[in-house]
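The following pair of complexes shares a single chain, chain A, combined with chain B in the former and chain C in the latter.
Take a look at the complex of A and B:
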């Protein structure tokens, strides 16, 4: 039994479960307010029940994600991407698309509603990992190795963008560039790419009144969302107002159970738990990057780092929004915000990090090294260098 | 894995950790040192308020017996249309004995609508209704999106029913006073509703409203009346009895404490039950002793006489020819203006005193002629007729009193007003006028409110009293009071038969007035029989005026109102524990006097000096010498002189505080010390005297 492996696995599992449990508590408190908005005594625990259902699914899939050789994902990555694009297309153009608050992001399957743009985070990580690990030598070659991949990702983002879910689209776009950087992208190419991305972003935002106001508003006046969020933080202070005692959830704080759930958390529990939550996300990032560094396989390394950084990056973005560090975008807080698709996807991501950790930290025996070398070789042979 | 992926991973990791640390600082900044505008100033954002209807102040009698209080009732509000209105109406309707169909009509039409479905549900039914609503919610599926709330408010409740209802008044459905004290003191009795701060959500929806709905703690000020519930009850019982006995249309009475002007009872029958005032007409609801005017009749005579005495036009002993009951008044040209009758007796010659005692219309008209038209009008106005008494009750009528220079005055008015025709007034003004005589010429403001009680701290603030005002000289008032005593003490007096109270001297006057009909002429057989009087005559404790309207059995004020007066007075004497003041018949001497005087006095003659009365050792108003008398003898002698005293010790009188022959300033002659041992005599203490009357009288004397 390897101590490091056990520690990494246990730490990831405990941190994830702790975040999920805290999330359930805060979610319950935050959801109650949404219901009182309607002035009706509905079942306060309806959101909690749904989230628990998704948690069960997520736990199952997380367990499943640890149980197989992650190399089996290589052939799955591209079909999965195609499936995800198909789902996104279904959201946009099929009658199954479901609209909440003017955003058509959901796919109504009758018994559940799923959000394909959440799944896109996972499929994108897998696709990029698969793609760049397979043509590792080509990654230096910008036109052959990188641009085709970006075009595929661009198609997916173009379908997320008009949902509208601009926040997620920008998040995925920048995350894609970050993974490319990690995978060994050419630094000289990254700067122009970033510039192009910035210009595209500016054009897209400048063309849309609503988005432009958000960005300009970030630098000038305080929006209602942010003001309410800041009041929640001020209410929280050192010790918090107590679980279930949040006043900002009573319809003052917008989206208290999704995008602004961190403000509710801060208001109810206070400063120290906030730092603990940051620490928890940092732990996930640290452990996943640690596993990625240890992993001698670029595919596993990119999966581990991609999953962990995706969680951490999204958490940072969300907390940055509610604390007015970055402009307001509709990004949820992993494990905490209400939303089944997101919860399941992030739990599967943690499962994959544990999977890679299992494979990587199995002990540095010579046989093991030999095995992995062989495996890498064979995988390079079985997968041709085409997109 | 090492370069380059490892290095880049390390770089990204460092970057993200820096990001986390930066966020941590940002959180520290926002949570530990928030900008001012995000601290505390937003607390009002979470606060809404609801108003709980306040309690109306209570109305209490002088002994703090509640006459008007509050009880709790509940209103049923329903928000949103019930899933099953029929079932709802059936359950609620069966609890409240209401028709389910009407209940369904009252239910809200659509979701979110808030409607008052039932109001004024009594407290007894509240528990049953709450249980029924609970039962209904259980039968329905959980998705019934209807809210029920039972909101309390206060309803006026009159525990004594119709007791003093005309004075207290009543309140309407919105708990606003519509009559009597309830109307006059609306602003004091009512209170701003209690404001309760409740949590609200961003849409100002009140959260957990039912947790905050309760009875309000605030209450308007209590109004304390001068009414004594026991006396009021006695008077009401007596005049109801009187009305039934005489088969009259109504009866009214006012009992007033003359020295303070406090109204102890004010009653009118038939009255009404203020708990259910809609059932009664306006006639029963209004406070008729102040709102209704009538021609008072002979009770006016003493005031005319007082005016004549004051003007020096007559003396008590001056004799007038009473024309044997028929007196034709002629104008300047000899035309017959009016024929005045005396009802029962045909009087020949009567002194002024006997004119009052025996109530001669002709006599009083001749006295009035001495006074003059302006004088009659003036003296009546000074006694308060023709204006409101100023009591704190709504709708008081000023009555009618004409002056020679006012419209409607005719040459005949002079021969009608002295015995209470061609003028009108209300019961309270008559009572107040008699209390001026009882106070020996001082007018105190009649009032019915003693004070207010602030329910928050229980502090009572008494109503400010105005200083008494002198209307007529003490001596004049004394002379008139002597005449009024004669009304009951003189065997010929109109009040002799019915209005005497054994052991007490009573001053009063009967009044039997004809009633004018719609045609403006006096209707045959329709009368108002009244009596105004006070007792004990030399230390008046109560002025009582009673009247009975259109009696069909019995006719005269004395026999109807007077007998009721005697019964009420008898009860009051026992209630207050008054000591009798009359030891030997007062009249035996005075009646002889008047008889002898009649012999040698001529009508119209100049004022003659009254003959010195028999050498009586005791003179009214002069302190007799009590030394050496036993306690009983001394007491009798004092009372005969019209005084009271405090006795101390046993044995024979050794010392009296007020020395013999002195004219004390009060009815109370101070201390009388008895004993067998001269050493025991010590300086007498000056005891509390009756302030108002006494002092002014003393001032006048000096």
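Take a look at the complex of A and C:
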């Protein structure tokens, strides 16, 4: 039994489950207030119930994700991308698209509603990992390496953007660039694309009153959301007001069970648990980055780093929003926020990191040698392995 | 391997981001914290009024006549029940509970204006069983908010309705005047009667409490009480519950007034007017009541103006005797009519006349011709002056608002003045208009030997400060005195004695064995309708002997003034009713009352 492997797997599992459990508690508190507000006959545990159901699905899929050779995902990546694009198209244009609060982000399958833009995060990690590990040598070639990938990603973002889910689109866009950097790409190579994207983003945001106000509001006056969130943090202080005692959930804080759940958490539990949660997310990132470093297969490496960074980046973005470090973007907090698709996708991501960790830290499998031959040869030529 | 280095760089980046966030959390929760906590307190906390309980109104034996009890009002809050289907279901349930039709409730919702909290008043002061049912089924009734507020309850519905008066929310006009006395929108205020005049005692003081609200401005919890509400002081009335009830009973369905007063201090023992209205349902009935032809809202005892008819002869007699127009021995021949000039004729009420009558006879049999003739000699100016000595044509100063009065007719009120007017005035007809209360005050002055008291309905106020309870009595208020010679007093009182006690006295039907009284009947013509029937009396008295004047040590204990609108002749229809009333008084705990 490999100690390091066991440690990584156990740590990932414990941290994830801990986050999920804390999330359930805070979710119950935040939803109770939210649902009570809607009417006294509401079952205040309805969100908890749904989240538990998704948690069961998530645990199952997470376990499944650790149980096979991740290299089997290589041929799956592209069909999955196509499927995801189809789902996004269904959200936008088919009658199955479901609208909540003016945003058409859900696909109503009758018995359940799923959010394809959440799945897009996983799809993107897999697709980029597969794509860039396959044409590693051409990665810096603008026309062969860069443009096709970015076009595919661009299509996906273009379908998420008008849902509207600008936050997720922005998140995926920046995450894509981040992953490109990790994969070995030179930022200077894609500078023109970044510039075009920046201009397009500026035009889109500038043309939309709501988004423009959010950006300008960040630098000038405070929006209601942020002020309420700040009050929640201030109320929490050192020790918090106690679980279920949050005042800000009583209708003051918008979206207390999704985007602003961290404020509720901070108000109810105080400073130390906030720091602990930050470290929990950091732990996931560091463990996945550690696995990525250990893995001498670019595909596995990118999957592990991509999944970990996706969780970490989104967590940072969410906490950044509620603490007014970055402008408001509608991004949820992984594992904590209410939302089944998001929970399942992130749990699968943790499962994939554990999968790669298993493979990497256990020793090489024959299939893996086969798949990684090319990549190992090329990396041995250019970068003699030091670690 | 480049990827590895890159990953390491990303790791450093993550470290940086995490430290930024940690610092940010630190600064939010501690450095800037205080400022935001203050903001948040302003957000949730609100100073809210604790409505004070109004003081009670008690009768002279401390029976409660009016008090505050919790009323349960139902509000509808649309923001708690935005769903149309849910609203429909809610109305079905509510109509099941309250018995009102769905349509009625729906119209209530659409008709009522949302208050400051966005709620619409649906039902006010619902009965207790409805309150219980609504609380039980609260889960089926989202959006129905119940609030308990102190509400005024009059324990005897219409008993002394005019005297007690009505309480309702302050209107914008009075609010403007009373703003600096601490009145706020939605406060209750006395509108009439005792509730109005003793408002400052009864009102109490509203308290303030700091409550925590959620963002829908609904109460979450009471944080602290800044100042507790102070209950208003109780007002004790001179009114006696049983006497008042009896008075209203003898009045029955007929339109009239019965006032009983203590001539020794002006205390009003009962003050019944008929028809009345039910104070508890006034809000609902107001429209119907104000259009009612019998004017149940009018407080006839002090706001109804009637010609006093022959009752006026008592007061006129004082003028005649004091001004020397007549004396003990003067006689006037009554042929049944009195003529002035050629074809102006005033008839005596007795067609065939009374023959030769003196002042005592004239009062006993209420001879009109006697007063026509001597009244004309007295002249209107002196007659008016003597009427005003008895405060006829003046306000009595009673402690209830909206008292009416009419100036006594004289050359100042009517121009040109003809002698005929004087003759009409001499028998209390023509333009003479008095309220029953004015007569009660004037008759009391005769009963007590010349002191005019302002009538007092309220006897005192109950103070309770720091656990101690003590009653502060309101002192009697003297507003005038009548100076007349003992001879005059004796003659008038003798006349009034004979009205009741002589065999042919007009008030003989009111004789009560063991309770000697003096009185006077009155029949005020009101053609083409039946005349108003008056009867005034006081007792117990000792039979008048000699020229001693009124016995100041032995003042009668009760004055009764009775008026039956269009009731016929005073002696026939009014005096027996007063007898009934006084017998109740004598048999029903006279000691308690006096």
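Here, the second predicted complex is superposed on the first by the 355 of 387 C-alpha atoms of A that agree within 3 Å, B and C clash if a C-alpha of one lies under 4 Å from a C-alpha of the other, contacts with A are read in each partner's own complex, and residues count from 1 in each chain.
Assume a residue touches a chain if its C-beta (ideal position, glycine included) is under 8 Å from a C-beta of that chain, and two chains touch if they have at least 3 such contacts.
Just so it is clear, the structure is predicted and the values come from calculations on it, not from any experiment.
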After the chain A overlay, clash or fit between chain B and chain C? clash
Tell me the contact category for A:230 with respect to chain B and chain C: first, second, both or neither. both
For A:213, decide between first (touching chain B), second (touching chain C), both and neither. neither
Touch check for A:320: first (chain B), second (chain C), both, or neither? both
Clashing with chain B: of 25-33, 169-177 or 295-303, the chain C stretch 25-33
Chain A positions touched by chain B in one structure and by chain C in the second: 37, 39-41, 178, 181-184, 227, 230-231, 233-234, 236-238, 247, 250-252, 266, 270-271, 274-275, 278-279, 281-282, 285-286, 289, 292-293, 296, 298, 301, 305, 309, 312, 316, 319-320, 323, 325
If you look only at chain B, which of its residues touch chain A in the complex? 1, 4-6, 8-10, 12-13, 16-17, 19-20, 22-24, 26-28, 30-32, 34-35, 38-39, 42, 45-46, 112, 142, 145, 147, 199-203, 205, 207
Mind listing the chain A positions that touch chain C in their complex? 37, 39-41, 178, 181-184, 227, 230-231, 233-238, 247-248, 250-252, 266, 270-271, 274-275, 278-279, 281-282, 285-286, 289, 292-293, 296, 298, 301, 305, 309, 312, 316, 319-320, 323-325, 379, 382-383, 385-387
Of chain C, residues touching chain A in the complex: 1-4, 6-8, 10-11, 14-15, 17-18, 20-22, 24-26, 28-30, 32-37, 39-40, 43-44, 80-81, 86, 138-140, 142-143, 212, 214-216, 220
In their complex, what parts of chain A are in touch with chain B? 33, 36-37, 39-41, 43, 178, 181-184, 227, 230-231, 233-234, 236-238, 247, 250-252, 266, 270-271, 274-275, 278-279, 281-282, 285-286, 289, 292-296, 298, 301, 305, 309, 312-313, 316, 319-320, 323, 325
